[in-house]
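Chain nomenclature is as follows: A, B, C and D, assigned in order of appearance, with residue numbering initiated at 1 for each chain independently.
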Amino acid sequence: MRTPVPEYLQGVLDECYGGDVGQVADYIPELAAADPDRLAVALATLDGPVHAAGDVALRFTIQSVSKPFVYALALRDRGLEAVVERVGVEPSGDAFNEVSLEPGTGRPRNPMINVGAIVTHSLVGDPGLGEDERVAAVVDGLSAFAGRPLEVDEAVYVSELDTAHRNLALAHMVRSHGVVQADPVELVRGYTRQCAVLVDVRDLAVMAATLANGGVNPVTGVSVVPAWVARQVLSVMATCGMYDAAGDWFTSIGIPAKSGVSGAIIGALPGEVGIGVLSPRLDHFGNSVRGVRICERLSRDMGLHLMASPASGANVIRYFDADGDSIELALQGGLHYATAEHVLNVMSRVEPDDRPLTLDLSRVTVVNDVADRMLREGIRRLGLDGHDVTLVAPEHLARRQL
Amino acid sequence: MRTPVPEYLQGVLDECYGGDVGQVADYIPELAAADPDRLAVALATLDGPVHAAGDVALRFTIQSVSKPFVYALALRDRGLEAVVERVGVEPSGDAFNEVSLEPGTGRPRNPMINVGAIVTHSLVGDPGLGEDERVAAVVDGLSAFAGRPLEVDEAVYVSELDTAHRNLALAHMVRSHGVVQADPVELVRGYTRQCAVLVDVRDLAVMAATLANGGVNPVTGVSVVPAWVARQVLSVMATCGMYDAAGDWFTSIGIPAKSGVSGAIIGALPGEVGIGVLSPRLDHFGNSVRGVRICERLSRDMGLHLMASPASGANVIRYFDADGDSIELALQGGLHYATAEHVLNVMSRVEPDDRPLTLDLSRVTVVNDVADRMLREGIRRLGLDGHDVTLVAPEHLARRQL
Amino acid sequence: MRTPVPEYLQGVLDECYGGDVGQVADYIPELAAADPDRLAVALATLDGPVHAAGDVALRFTIQSVSKPFVYALALRDRGLEAVVERVGVEPSGDAFNEVSLEPGTGRPRNPMINVGAIVTHSLVGDPGLGEDERVAAVVDGLSAFAGRPLEVDEAVYVSELDTAHRNLALAHMVRSHGVVQADPVELVRGYTRQCAVLVDVRDLAVMAATLANGGVNPVTGVSVVPAWVARQVLSVMATCGMYDAAGDWFTSIGIPAKSGVSGAIIGALPGEVGIGVLSPRLDHFGNSVRGVRICERLSRDMGLHLMASPASGANVIRYFDADGDSIELALQGGLHYATAEHVLNVMSRVEPDDRPLTLDLSRVTVVNDVADRMLREGIRRLGLDGHDVTLVAPEHLARRQL
Amino acid sequence: MRTPVPEYLQGVLDECYGGDVGQVADYIPELAAADPDRLAVALATLDGPVHAAGDVALRFTIQSVSKPFVYALALRDRGLEAVVERVGVEPSGDAFNEVSLEPGTGRPRNPMINVGAIVTHSLVGDPGLGEDERVAAVVDGLSAFAGRPLEVDEAVYVSELDTAHRNLALAHMVRSHGVVQADPVELVRGYTRQCAVLVDVRDLAVMAATLANGGVNPVTGVSVVPAWVARQVLSVMATCGMYDAAGDWFTSIGIPAKSGVSGAIIGALPGEVGIGVLSPRLDHFGNSVRGVRICERLSRDMGLHLMASPASGANVIRYFDADGDSIELALQGGLHYATAEHVLNVMSRVEPDDRPLTLDLSRVTVVNDVADRMLREGIRRLGLDGHDVTLVAPEHLARRQL
């Protein structure tokens, strides 16, 4: 059997191709030369192959889509406190004031706007790194997210540097506030290189899936950043990733995302999937027109909205019988807070007496920390009530828990 | 056995009681008279009893915590388009400019700030409703969220109305932009009544759980608002619920939330839980000091952060054997996009031939729409490849799907 | 001989009539009904008849042109400190944020924007005045500026009140900040009446000339406000009078001015002239298109720019002879700081000896305070040096000074 | 006789010395090393010697006080249109947003804030000038204003350049908007040199007096800039010169002014006087504490407020007799619009007949253009009415006019 996902993706591309609305970014020749009608999409789940459709071989510069990943590297290398001290996590709410520094501190409002991304770049690797070493650390980190060695497009880099006055302005501005100590010119060179890293949509999907997977690259199995870092990055993408249309994106699509000027968008739904899209035509916010349309379609088709209530966990109780001489309680599916709470409610209906109780976990798939602790406490209390509890657990659970 | 959750909650209260930082709101005598050290918390999961600890009998006015629920009622009564046309969904990003209207349209930036909430109030019920009828519709709606009839504290209402100049200013402002057609004075009276509805922490937990449960009150079973409304409201709470500290809250706690001036906070994690907290001491953002601390603690202890990657769905494949004369594939746990995709990947390893194939779903707990469609397509393709597919499904699945 | 000034003014009207650019204000029927091509201008110097041309008999509501005059009345009635405490003197610099309150205090930025004018209205007369009494005090004050009894157009008042939501918003806003104590609704009614006072261009010219004349109405001779008040009002008109185009107006035209929505503009050049213009077509700043053109023309033709350096006072020394047995020093023209300084410089060239000195002031026209003191000191020192000083002064000087 | 002005100035210094409020600017060692209690003042009228008191020999860097003068040079060299296209004339109204660019165009709001001054620096001299040539043109221009060759303090220049990140940010920002074409780094070097020009208070007084004198240096007699340039510069100083306290300064002191970070303030009252003050202690706006106090005192003592109504010109009519066989009209003092208008009013009372008329201007001191034209027209009309007009004019008037 051939999996139907690639055909589904091709169908999405066909339906979202639409008119020729939007403009290719044209501030440097290399971007202006992009074919406006190239179109590609890729999907990476957390434990399978990467599916893709369209111009999957096309490489393009990563631009602002690098921001969440480099933010992740900075958090990993310097820790939460040191990073948050220098770059905030609040949406800027104001498209026209691209400077967006906090009054007083001069701290950029978030790492998804240029001024915040420049500061973030300075926080990758050891504070003592030179310009080239820092760029190498950034490219290495992005490569680990993608699961293959990435490279800088030097022509794009040189061309962007020629028109980097706004970024130089931002770098000098944060330097004047003491937010960074590095030389602003070096910083902008390094950041411009970061933006010129070449990727394709498969790379983007895998990179996004790494964030969705708690920092572990689902293809290579490498833990690129710790789980708390992935969580922090996804949170900031959710509120600040899509420029000033963040609220609109979040309500309608509901996937933490980041877009870039070459027409790329990534989306990452925790525990589910990473998405990469490319279509160079941009709307006036600077987001890819067809890219947004594709993400809307995927979110709706695939039930990916973060706020969609997953189906209830009511079926966690596979079997419960307390009427005879012994008591049997069999569970199924995943155990997290809500389902474990339900199990405790059932246990609390057990009268204290000396009947033996069997707790059958053989059909339980996963148990998170809080559920583990809750079940342990329930078992302990049943014991105190007089029951002799027998646990039937599959090997994967018995090994580490309960 | 007694469930350990109430004891756990009491422990959280004890540990979060802490010093006496923060001030009780004092702009009206009724709020100023609140005992600053009252403290209560309640938890409602989506299918069980409500647990609570502390001053659970204490009633207080709902104030701004009413905003997300009345937004839900407006969405239900007027539809997404009509509401979004009049109230935006973007974080305001600017604490000092409490007017926060979009330049040009005069549309309030979001329904969680006062000016947006006043407009939202005007959108509950039929456009032709009079002032008292609209208030009745609002109170009825809030009561449905709480699962019991709620009432307005008339003394608080009268007192607040005396100092309602800022809200009157906001109401006249949106009226002058044509965003509302109603009489601004009537609107402010109605909105002030809405804020003076009396609740306790159990009510708040149930109300929040209703949003987390796709709009269905988990206690009464009543569908208060449709699932898309709950999703929209939770999305806006995530980005705009905690005043200008929204980004900070969302990264560190990761639960869609709303706070109010009487010291209440609600949190709602889709598919999981509703939380209600009360502690009247406020920080300079107007958020309850101890309330925030309690929410942080619950989020950390209970693994409730929205961006925490749930444990992988890898175990969806309970059993797969394609080596003999027949092929067996047994699944377990919940099926949504990511796990269904994994199943399709396994199916795609099956060679086309005429061996019969048994697909055992007897240990599958839930299946969402996209997973349903994906499995159907996989089964169809296996059939085209020559396999005779036998489905073993539990009754709850067989009834509606596959 | 007939004075050529009216013909000159008619010529200016003819040349500035131009195309039909600009729109009549249309937010109430009474303003929308104005004939867009009515045109009138009046000039009042500080000691002569008022000249006018065009539709001089046309009466229209004064609208925002009332603001500087009511500000003057408030300053007169409450004193500088009490007024400045409640209304600032800084240009708002931001056309779109019409609220324009100072962060923190809630004080309106200046009295020329609506919110400031509403507060200013509340400061006319005794704090204990009722609504009607305050309106009467305002109308009386405006009448004193115009030199004839003015009246409110009740139809315009009623019509404007119907759409006064923005002003009600502003009034409630400042009330919520405690900047005013009065009832916001009464305040807006009173302010709306103030704006509906009927005037013609002659009235405007005389009102402006009263400010230019140190507060003394040049036609009636009545001192309406003290000189310091006129100075304060003219200063604020200079920086805040022409909405957000204040700097452009001040550099190019250089006359303290105020415009209104009925198409009126006043200009007042201290010590020189008052100007009144009417043409209902407005540009997008809300300033009269032809009115601005006429003021530009008058400023250029008549050398009225405040920053134009007046011709040097070098000729103050009519005659100086220190070569003989006696010394003669004859002055001419006006004596203020710069010319008096020049006189002292000449006196300082006189050698100490016993020759008599005659100081002839018979051709001196005016002497201000500082020049008076400087000359006294010069005369005293010449006496100390041994000279016997004889003063020849015209009666108008001898009477009060030297 | 010795002129009392220096003693007066010394008295002002003594009285304004006061406490030790305010801080010396300390962002570079050279400024931090300034003695906070140095104090000096100088006054230059338009036709006499320069008076000074205090630390008159002290030299300090001109800093922001250079801005109006370099703005004048740019206007002279490029014309009004080219300069206004790149730098606005509106007060910024917002102290915290030091970027202060117009949305859309990126044009700095005015030439008195740093970003505007940097653009202004680029507009001095021929567009083709190199960095050093432009600096030379700026220093030459400032020297012409001061009437002596000025020099750059190279140590201050080097030190400021080390911390010029904010100015570099601003320069790159306007470059990114295309407002300037020059290299931002060269521009900031040039601008920093401009700020490091050494002056004393006498220099400042003469420079200010040159603006007050229509662009002609009153000491050297050199016309540094045309009269329209001086008028434009004074207008912008009036509304934008004293940072965000512009309105407060203008209402209370009423002298176009500019302050700088070394503690200097200049004031220039058109047609009257130039003032230079130095006192290094700064308030939180960055204005010299004692400097402001001294300017307040001078304004009050010397009647220098721009909006103070000069005494009326009523005395322009020295003599008028139309009762006999011939008519005599004798004028005195200065003739400008208001006084000429008065003369025309008197002329209009003359009945048409054939009596000869003598117009005696021998005591008229000055006549401006509009008054000249008005008198000519009056004389022409008297002739048409049948009068034979004889003019008695002093040589200085007869030469060029009437």
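Observations, loosely collected:
Following the convention adopted for this analysis, a contact is a pair of C-beta atoms (placed from the backbone, for glycine too) under 8 Å apart; a residue touches a chain by one contact, two chains touch by 3 or more.
Being a predicted model, the structure only gives us computed values, none of them experimental.
Judged by contacting C-beta pairs, the busier of the interfaces B-C and C-D is C-D.
Chain geometry summary: the mean Cα position of chain B and that of chain D are 63 Å apart. Averaged Cα coordinates give chain C a centre that lies 22 Å from the centre of chain D. In whole angstrom, the spacing between the mean C-alpha positions of chain B and chain C is 60. Annotation for chain B: no residues touch two or more other chains. In terms of which chains touch, the assembly is arranged as a closed ring, every chain touching its two neighbours and no others. Pairwise, the chains that make contact are A-B, A-D, B-C, C-D.
Across the complex, chain C is touched by residues 1-5, 45-49, 88-94, 109-110, 212-214, 227, 230-232, 234-236, 238-240, 244-248, 250-251, 254, 256, 270-273, 301-316, 332-334, 336-338, 341-342, 344-345, 347-348, 350, 352, 363, 365-370, 374, 377-378, 381-382, 385, 396 of chain D.
Those residues of chain C that touch chain B in the shared complex are 96-97, 99, 103, 163, 165-166, 168-173, 175-176, 184.
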